[in-house]
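We just call them A, B and C in the order they show up, numbering each chain from 1.
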Amino acid sequence: MSQQLVDRLFHELEAIPLIDPHTHINPHAAASKSLADIMGYHYYTELAHSAGMPRERIEETGLDPKEKVHRLVEWLGPLENTVQFSWLMEICGAFFDFHEERITADNWEALYDHAAKRMVAPDWELQVLSTSRLEQVFLTNDFDDPLADFDSSRYVPCLRTDDLVFHLAKPAVRQRLAKATGCEAGTAAELVKAIGKLFEHFVKRGARACAISLPPDFEPSPVERQAVDPILKSLHHKHEPSADELATVSKFVFWTLTEQCAERRLPFDLMIGVNRRVYEEGVYQGQDLFDQRTSLIQYRRLFNAFPQVTFPISVLAQTSNQELVSYSWIFPNVVTNGHWWYSNIPAYIELDCRSRLEAVPQTKQIGYYSDMYKLEFALPKFRMYRRILASVLATDFVVARRWSECRAVDLGRLVLRGNVERIFGKTD
Amino acid sequence: MSQQLVDRLFHELEAIPLIDPHTHINPHAAASKSLADIMGYHYYTELAHSAGMPRERIEETGLDPKEKVHRLVEWLGPLENTVQFSWLMEICGAFFDFHEERITADNWEALYDHAAKRMVAPDWELQVLSTSRLEQVFLTNDFDDPLADFDSSRYVPCLRTDDLVFHLAKPAVRQRLAKATGCEAGTAAELVKAIGKLFEHFVKRGARACAISLPPDFEPSPVERQAVDPILKSLHHKHEPSADELATVSKFVFWTLTEQCAERRLPFDLMIGVNRRVYEEGVYQGQDLFDQRTSLIQYRRLFNAFPQVTFPISVLAQTSNQELVSYSWIFPNVVTNGHWWYSNIPAYIELDCRSRLEAVPQTKQIGYYSDMYKLEFALPKFRMYRRILASVLATDFVVARRWSECRAVDLGRLVLRGNVERIFGKTD
Amino acid sequence: MSQQLVDRLFHELEAIPLIDPHTHINPHAAASKSLADIMGYHYYTELAHSAGMPRERIEETGLDPKEKVHRLVEWLGPLENTVQFSWLMEICGAFFDFHEERITADNWEALYDHAAKRMVAPDWELQVLSTSRLEQVFLTNDFDDPLADFDSSRYVPCLRTDDLVFHLAKPAVRQRLAKATGCEAGTAAELVKAIGKLFEHFVKRGARACAISLPPDFEPSPVERQAVDPILKSLHHKHEPSADELATVSKFVFWTLTEQCAERRLPFDLMIGVNRRVYEEGVYQGQDLFDQRTSLIQYRRLFNAFPQVTFPISVLAQTSNQELVSYSWIFPNVVTNGHWWYSNIPAYIELDCRSRLEAVPQTKQIGYYSDMYKLEFALPKFRMYRRILASVLATDFVVARRWSECRAVDLGRLVLRGNVERIFGKTD
């Protein structure tokens, strides 16, 4: 297989305007304001900390952004091999005319200053969107987000529900819910009503998905309202809930959310497999890991109970990918969704991308999402994915199955863009 | 590594006449009668259903074969990327002179009619066998199959035992057993005797293997007859058995089967890892999935207790392949067997084939079986495997280890053909 | 990607002098004395046995070395495909001028005799070290090894602790401990003291690591001394300990060892995932296997409790590699360590090597160790690894990320050599 063929396919894929179906963008501050916003991404802080940089050096309160970059640059050396470092270099090249091999003690400050000058442009956000061919960006909104004062045709709201499912026992979460909905949620019926109000609000503002991240041992099942009522009541009286009670509430809320997705015709993004706060002394957002011993069989009841709800599924453990392929091949309501976090490196993307293209209907694959916090990251992350996709299309389709290049690009377009539009529905 | 080298090896491998050591062929209707037999293969119905085709459209009672194909063609588009679709195209090319890129609303009927004309030939079955270089085909026979009226030197009987191990509590199964053996199986001793009679019948008719598929949590162990007697007795009195009682009977029957394999010198094909009826509303044969959390350590007692029985093992989860490699490398009685079902796609075959060729004695590897229901599928499925095998032999042996091409082909011949003959024994 | 590029990188990597950070070398008999020492490596005996050679033929008491080789040669044919066989051929080529394609009934004796002549040279050990560019070799020493009479700047002691953690209930182990330390270890306090003495002895003799292999279900946690005292006391009175009591002692000893590592600033090599004696009738060292259902989450407490201890981690199951990558990427004290045993074959090394180079800081990766029992094996094993490393560096760094070859080789040097020196500390 010739490199020229891969390059041709890659350039065709690069020309496709993107919808990014999962990010953590703040629509009120979507682009970076300085290199500190970029290098403050948890990938760099956690890798630098892993390589030996003390957390206190990174998270000192009141730390000046420029000084933060200065300090992180000292620890970039050990990370130069990582693909995450290559994203940084790609950003600096594409947006800041920086084409050195490395960021060092000698060149970082000029880079910082030059970047700052570019970012201060009033249209910086639009420049980034345009350079990255980003047309639409899905958000991850707290359930009590007012969703106000941003263009929801560009920044598409999604209802993130981790707090509701896993932290409803916390008074602060229940207060936020009460404030957002006007319901006290002292009974299961009231809780259902409150959740309904959240969905109503989100759908009205153009939300296109409900989303949640789930621990490896979660197993959804329906729960009777009568089983939940006494727990909600005792929570109201500051009773400390047992692990069993917490699990009951979690399952009840999760099932209720799915019922709402069915009613409102929203896909429910499941991001399966994360254990939170495994490394307790880690940097911010650099504390979570996983247990590979999980299975989609835990979701059999859910998938059977809600044939009308589409579940775009991301798995954290690469060892879960074959199950994801197989469940998507069998269940009409299960679709593959991107390459998530610890699985989002080329060695695993390549294998996972190949297996999905070989065995899941092409209409049921959402190729990629960036998961980014700042707009600048769509470009290098999608580029990484598109390089791999181009290579798989070249090898497995153009060469092995003698497809025309045009047909291969059509397949690429479908998983990159077409399926995002169809599965989440167009916003007008 | 040059493509020419791979092509040369592939053509050598293509010339090797095949024995297919595991299929679901009906020897009384081995070849297809129409395209509906081919497109009715569960891979197409389940993928079309997964892509959105209602089950009722596929499984309407009394549906005319041509209309069935007509309907399925409407849903082929979403499946064109899958390797299963490529099998279909390869069949249509090799057997029906069809060389279009796609099967569409415009061309399907001409294809259907042309295929029907070819298939009506009285020697169609022989044509397929000859074009596919298929010399022998192993069957999967129900335990009460009379095994009559077919050429058992071409179609080799194998005793399939799922019903006995997992469904003996059903009156219908016990009645079938009684009818087939003349034993009522009301006690453990009678059950053992009945099973012995089944083996006697199968061996007399040239059976070369006992076979079973097993759920991920199955763990074989010996069971005392005294523990089984009261359960069999209560079954006789229509008592509904508990889960524990069912498990006891399953283990007892499984161990008894293995004892029979030891006595009759039959290999025992274990197909490990399937959960049945996970998607209950799925199409026929499109409802089963798996839980990757399984281990061959569950079989340690079995492998140690029966050194004289050869266990050709297939694993459903690709994540089980390394265990299979390692257990085959250590246990003399464990051999690797093909690439099964959800693992039977190029991305996984390639990795699994490489690891087996690198670490399992070459005499202990059964390269591939088709698992087909209709003869026409041997050609594209074995061809897929042989392409991958050729590529691995080229890369890992001819290039990396400087083997002659001839020696590499010899290795390919052994895993494709020689080992099947030696491990299952020649039928005369 | 051109083969020439890979070859150039490979030759640069071959030029790097090695420190082998984990072996089972006996420093008093480091090199082989005959081909029987080489072919007696458990890889050959277990694979030959797996292929059909009776254990008694291999392990007959008083068997003459030459006759042992004679017998093993009869069973080499079935193993010729394995990568382990390729190590043997590489040894015979590099050290004994043997360049046939195979070792056969016709040529083995000449090879045996020629090898014997070479090995009898008084400087054979030095020749092997020099040809292999081996500068330093880490050992695996029993806790009661006197560590006397060898050059510990060449052969670096490491304290192996399996016996202490898992077999302290055996009187023989407690007697060895008493003899080595002068402490009876009848209480937890005494046991801690005895373990302290072992560390003192090892550190004084230049030990650079503590090491242990662990079963898949092990989960370390601290244990109160009061919980251990009665168990130690009852052991003293020949009481047969329960499984729970054994587990309590294991955890206590393991935690104590880690405390000693913290105090003495020794890395603690964890080799995770082996089940011992799974195949009870197997040949010596050919009885162990594994259960892939294990997770590094079992070590979360340990990693959090000992931030000052470096844990170089090897995993037996290839399916554990992504967890290892992710835990090393997050925890500062976790580093990746080589490719162990059943994962030490090219198909898995390649995937594991790629994923580590893509996502773990380059300073936190120990590329490879040989695990050898005889010096001759460093050459083919490291060569296998360096071929794969060269290929990954070529593809993923020089081609995909446009690194200079020089920079790619620097990365290779770091994981092959530099990190070993830094992580384990230089011996003078």
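Some observations on this one:
One rule holds for everything that comes next: contacts are C-beta pairs under 8 Å (C-beta built on N, C-alpha and C of every residue); 3 or more make two chains touch, one makes a residue touch a chain.
Quick caveat, the model's predicted, so the values are computed rather than measured.
Because contacts link each chain to all the remaining chains, their graph is best described as complete. Taken over every residue number at the interface, the positions common to chain A and chain C amount to under half, indicating a different-residue contact. Fitting chain B to chain C on CA positions gives a rotation angle of 120°, reported to the nearest 5.
With centres taken as mean Cα positions, chain C sits 39 Å from chain A. For chain B, the set of residues that touch two or more other chains comprises 293, 319, 351. Put simply, chain A touches chain C in their complex at residues 3, 46-47, 49-52, 78-84, 86, 101, 275, 278-282, 286-293, 317-319, 342-343, 345-348, 351, 387. Chain A meets chain B in the complex at residues 1, 293-297, 300, 303-304, 307, 319-320, 322-323, 325-332, 351, 354-355, 357-364, 396-397, 399-401, 407, 411.
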